[in-house]
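Common to both upcoming complexes is chain A, partnered first by chain B, then by chain C.
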Partner chain A sequence: MTNLVDTVLILIILTNLMLLGSSRLRTCIFVVAMQGILLGALALLTENSGLTIHLILLPTVIICLKGIIFPFLLFRTLRDLNVQHEVEPFVGYGTSLVLSPLVLVVCIWLGSQLSLPVEAISSLVVPAAFFSIACGLFLIISRKKALTQVLGYLVLENGIYVFGVSIATKQPVLVELGILLDVFVAIFVMGIAIYHINREFDHTDVDRLNKLKG
Partner chain B sequence: MSLFLLGLSIIFIGGLASLISGRRALASFFGVTGVVAGCVIAVVPAFRVLFNGVAESFRFDWTMPFGSFFLQIDSLSAIFLIAILGLSAIAAIYGMGYLGAYREKKNLGVVWFFYNLLLLGMSLVVVAQNGILFLLAWEIMSLAPFFLIIFDDEKEKARNASWTYLVATHIGMVFLLLFFIILAGKTGSMDFDKIVVMDSVKAGFLFILAVIGFGTKAGFITLHVWLPEAHPAAPSHASAVMSGVMIKTGIYGLVRAITLLGHPPVWWAWVLIGISAGSGVIGVLFALAQHDLKRLLAYHSVENIGIITLGLGIGVLGMSIGSPILAVFGFAGGFFHVINHAIFKGLLFLGAGSVLHGSGTLEIDHLGGLIKRMPWTAVTFLVGAVAISGLPPLNGFASEFLIYLGVFKDGMSHGLANIIPALGVIGGLALIGGLAAACFTKAFGIVFLGEPRSKHAHQAHEVHIAMVLPMVILAILCVLMGVFSPLIIGFFGGAISTITSLPQEVVQGQLNTGSGILSNVVIVSVLLVVLIFGFALLRKWLLSGRSVSEMETWGCGYARPTARMQYTASSFAQPLVFLFRLFLRTARKDSPREGLFPDRAFLQTDTADTSSKYLFQPLFKGISFLFSQLRWIQHGWLQLYVLYIAITLLILLIWKAF
Partner chain C sequence: MHLERIINLLLVIVLSPLIFGIINRTKAIFAGRTGQPLLQSYYDLWKLFNKGAVYSQTTSWVFRLGPIVGLAVVFATATLVPLGRLPAVIAFDGDIILFAYLFGLMRFFTVISALDTGSAFEGMGASREVMFSALAEPAFLIGLAAISAQRHSLSLTGMFTGADTAFGAYILPVQLLVSFSIFIVFLAENSRIPVDDPNTHLELTMIHEVMVLDNSGPDFGFITYSSALKMWLLGAVLVGVLVPSNGNVWIDMSLSVVSIFVLAVLVGIVESSMARLKLLRVPQLLLIANALSILALILVLR
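Take a look at the complex of A and B:
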């Protein structure tokens, strides 16, 4: 059981690295979808109270939303946008990949330092969660296309979710579903917003949006 | 208690249904039905508590940290609850008629939703027995009026007023948050019945926080700046509720805070009396100088809050120096005035709304002669004006009389340090009463008597029956509450004995002597009123056989008088405004009049709010200058903003890890 959990966590870390290294937006969306499915698997594996509605419902909803619906919405936005590549990010792909192991080391160190209220299911949980959060933030900070920002937000949220699923196993299903709904609405709104920004300004480069400042 | 919760649910559901109906005609129906039905049901437990003297409570587990869903109607809550539910129901009926004119232009569903939400918030505030629940209810109650004030959102004045209100209410909220956090202190429980008495320094600090926090809502002087902006902007039935009962929740909070903080030291009473005398006198002076009818009424709210707090101040003085007479009559007068002010100020705001509805303007100097065109509005407004001026036998007199009575009976026998505040109360109340009478002579005389001063007043017409009826009900209540005041004050015994922890018998004994004296005064004044009516009938009878010719009002023997020869509001108030120019600082512009036959001349006076002009505007300007120095951080680069967050997060995490 622990081996399986560890495998999933390592896969999540690897998806993060892949995101940092790829410039094709299609690939990025695909990777985020993979990460969503992995999260669903994680939720399935960490549940140890036997077969309950909780056990069935939550992973199903996670996989449906993060693995199918979000990617679908994002692919559709991508098609409307006519953008295929992230161009000239603030921090290059090579540099990102070189920096990321350093960040991972910091995350592992943080994981060993933080004392948690409950015993985590695996020693990799906290590093994987932190690393996802850091990667999400890094994507938002260093990339220019609005769609990548949405992906960064999703990855950041996934990181928080890794925490939630593996540590706070006792939280009620309603709360988890509520969080999922929040993210769903956010992605929905962002997709629409990006579409309209593109129509209005003919580009979705976030660094040029400071013209909007009042 | 279940009836109370049922009533609140009906009010809320009515509001929701109205919101969903939106622009359809059903919206008003749902809103009003919800309010009236809900109020009628919810007020039953309040009356039950007041009659039986047994508190009713409701407790419900809640996962909110420090919070618990703990409601209780005790006799103190019941007094405020009756005022809130009663006035809101009557004002809602009026609102149905008043808003009818706006049906084409505005989404009335939204207005009703926030009106019902305001009512819900106010009712919860006075029954909440837990700090967190109280703050939540307080926030609902504070946010809902924002959407009512901004009703005329196409007018810049209304938008500014609603922002002023929002800023003011949140400044108050900051102090209340601090108050409750410190109050919960080490016990960690915010249930009002579990709060322990603390040392005097801390209690004093908390008292100051409560005075500022609750005083902002109540409208103590210098903290009142939002009232004269917000009340004129809101639709009139909402102004009636805001001025009549919403600001009273500030008074309720203050009283509740005093009961939570333990035995009050005497300086609390001095602070309360000082603030309230200032509020009363300065409030009525500013009212005198106003040109807008609703703005004038808003300043009178400041004045009446002053009178109520004078009563509380005397009550607290009685508590701290151990004088049951002062304590009982002070609180009784204060509470009675809470209800009375809700009635007559509600009535006056509804009257002002009718004037606006009937004539299209609230500018006092543009009106005149409305008594012939709007007789119902005029008569009911007159009743309200007499009541607010504190003239017997109406209700405003009864409550002020109780405060006088307490001070005269026992205010002079507790050493010099306490005689001065007692004398201050008597002098302050007398001055306030006189100035209020002058102010309403001006308001009623200029608006309703004389000849129309503009085409607005010429075209004025009486309002719809749905608007007349609530005013008539309130006017009748003004009379009844005055005439039957000796019977009514007995019901305040429960609340007074909970606050002062005096035994029930002592309180009732004092109230009985008070009602004895009060009934003599009321009988005499009723006889006087009857006598006056008798003389009027006699005059009519004597004149019946003779020819009586009617001339133009203020004709004064002129062959061709014009409306412009009448007294104006400004000229009527001028001597008093001049006398108190030190406080008012009225800006005056006029043209020099030269020669024997000066042709055109003009005079313009403008009385800006001194505390807004000399205190808050410079203060906010300074703050905005300080913050403008930080503008360079706001550059519009989203990525850098997120970078700030990421760096902060990282620093916090690493700091925690070490």
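Take a look at the complex of A and C:
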């Protein structure tokens, strides 16, 4: 069982690496969708209180939202946007890939230093969570297209969720569903905002947005 | 015990050219052709060994040395690699380093003999070969280091034939990460698609084939044979990482041989379904291999 959880967590780390290394926005959205499905699997695996409504509802909602609806919304935005590639990011793909193992080492060290009130199901949970959070933040900082930043936000949120799995297994369903609803609305609004930015200014490069005077 | 070692060596020497036949047959099936006979590479080798060699007047003894040293080195490497549970002829602590750097030596001699011809074209191939292998080498060594740390052994024979190789003692994610990383290195080192296309001749983007354009006759036979051996040996390492053993020496041996042939089919499928990457994208692929290896090492040492 722990082996299976570990495998899912490593796959989550691998999806983060793929995000850091790929320039095609289509691939990036696809990878984030896979990450969402992996999160659903993680929610399914960490539940140990038998067959409850929690067990069925939460993974289903996560997989539907993060694996299907978000990618669908983002693909639709991408189609309207007329951009396919992230061009000239602030930090290149090769550099990002070389830096990421170092960050992972730091995350593992942090995970070993952190004393949690409850025992995590696997010693890899906290590193994977921190690594996702770090990757999300890094994507937001180092990429120029607004869509990649939305993806960064999603990855960041995924990381927080993985962290939640390790310490808050007794969280009520309602709270988790509330968080998911928040994220859903955020992605929805961001998609619309990006669409409007693109229609007004013909690009979505966020580093050029501060030059705009309304 | 000695019998097993000798059988291992014999398998390498006899069966390795068959890999090319299997790859070509897979590609032929994908393309809807009948394809060349499975044993074509043996016929080619026989033909080449019966020819005379032609040497350009601008070349020196360095050029003639290249293929011979390459074959000698790859034979030396063959004595270090176990297959399934068949131990290698020679095994000692730290032979993983010797294994990696014997291939380095072989590459060095291929490169200087290519440079010796004085052709600008071959120089370009040599520079690419060296650059890509410089990126592939850390991925390979770090990946092997991860397996070595996991199985508490510093020699290839200890790593792949020890007691820890049974399926029960498996840490699946590590095995998968390392074998994927070594698979990328395998494709790069043996100059297959997506790093290099072995079928293109006289194209500006080729890497390995361009370095041996001036070799002919037995020399070219040596080069073809040593690249077949190299492919088998790297494949044996990959199979050693991924395929668990089940105790019986002979079942393990046949399982490993079949796995190497499955690997050849896999290479054929990759070659039929992918285009070669742009040269600028190849380092990125190798960096991914590096990242996977480092990740595996971190997971083992954690």
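The rule is simple: the second predicted complex is superposed on the first by the 211 of 214 C-alpha atoms of A that agree within 3 Å, B and C clash if a C-alpha of one lies under 4 Å from a C-alpha of the other, contacts with A are read in each partner's own complex, and residues count from 1 in each chain.
Here, a contact is a pair of C-beta atoms (placed from the backbone, for glycine too) under 8 Å apart; a residue touches a chain by one contact, two chains touch by 3 or more.
It should be emphasised that the depicted structure is a prediction, and the values quoted were computed from it without experimental measurement.
Legend: residue contacts after superposition of the two complexes on their common chain; A:Leu110 is shown touching chain B, with no touch to chain C. When the two complexes are overlaid on their common chain A, residue A:Ser100 makes contact with chain C while staying clear of chain B. Residue contacts after overlaying the shared chain place A:Ile69 against neither chain B nor chain C.
Once the two complexes are overlaid on the shared chain, A:Leu177 sits clear of chain B and of chain C alike. In the superposition on chain A, A:Ala120 makes contact with neither chain B nor chain C.
Of the two partner chains placed around the shared chain by superposition, chain C is the only one that A:Ile10 touches, whereas chain B remains out of contact. Contact with chain B, but none with chain C, is seen for A:Leu137 once the two complexes are overlaid on the shared chain.
Contacts from chain A toward chain C in the complex involve residues 3, 6-7, 10, 13-14, 17, 21, 93-94, 97-98, 100-101, 104-105, 108, 123-124. Across the interface of their complex, chain A is touched by residues 634-640, 642-643, 645-646, 649, 653-654, 656-658 of chain B. Against chain B, in their complex, chain A makes its touches with residues 90, 109-110, 113-114, 130, 134, 137-138, 140-142, 149, 206-207, 209-213.
Considering their complex, residues 171-173, 177, 283-284, 287-288, 290-292, 294-295, 298-299, 302 of chain C touch chain A.
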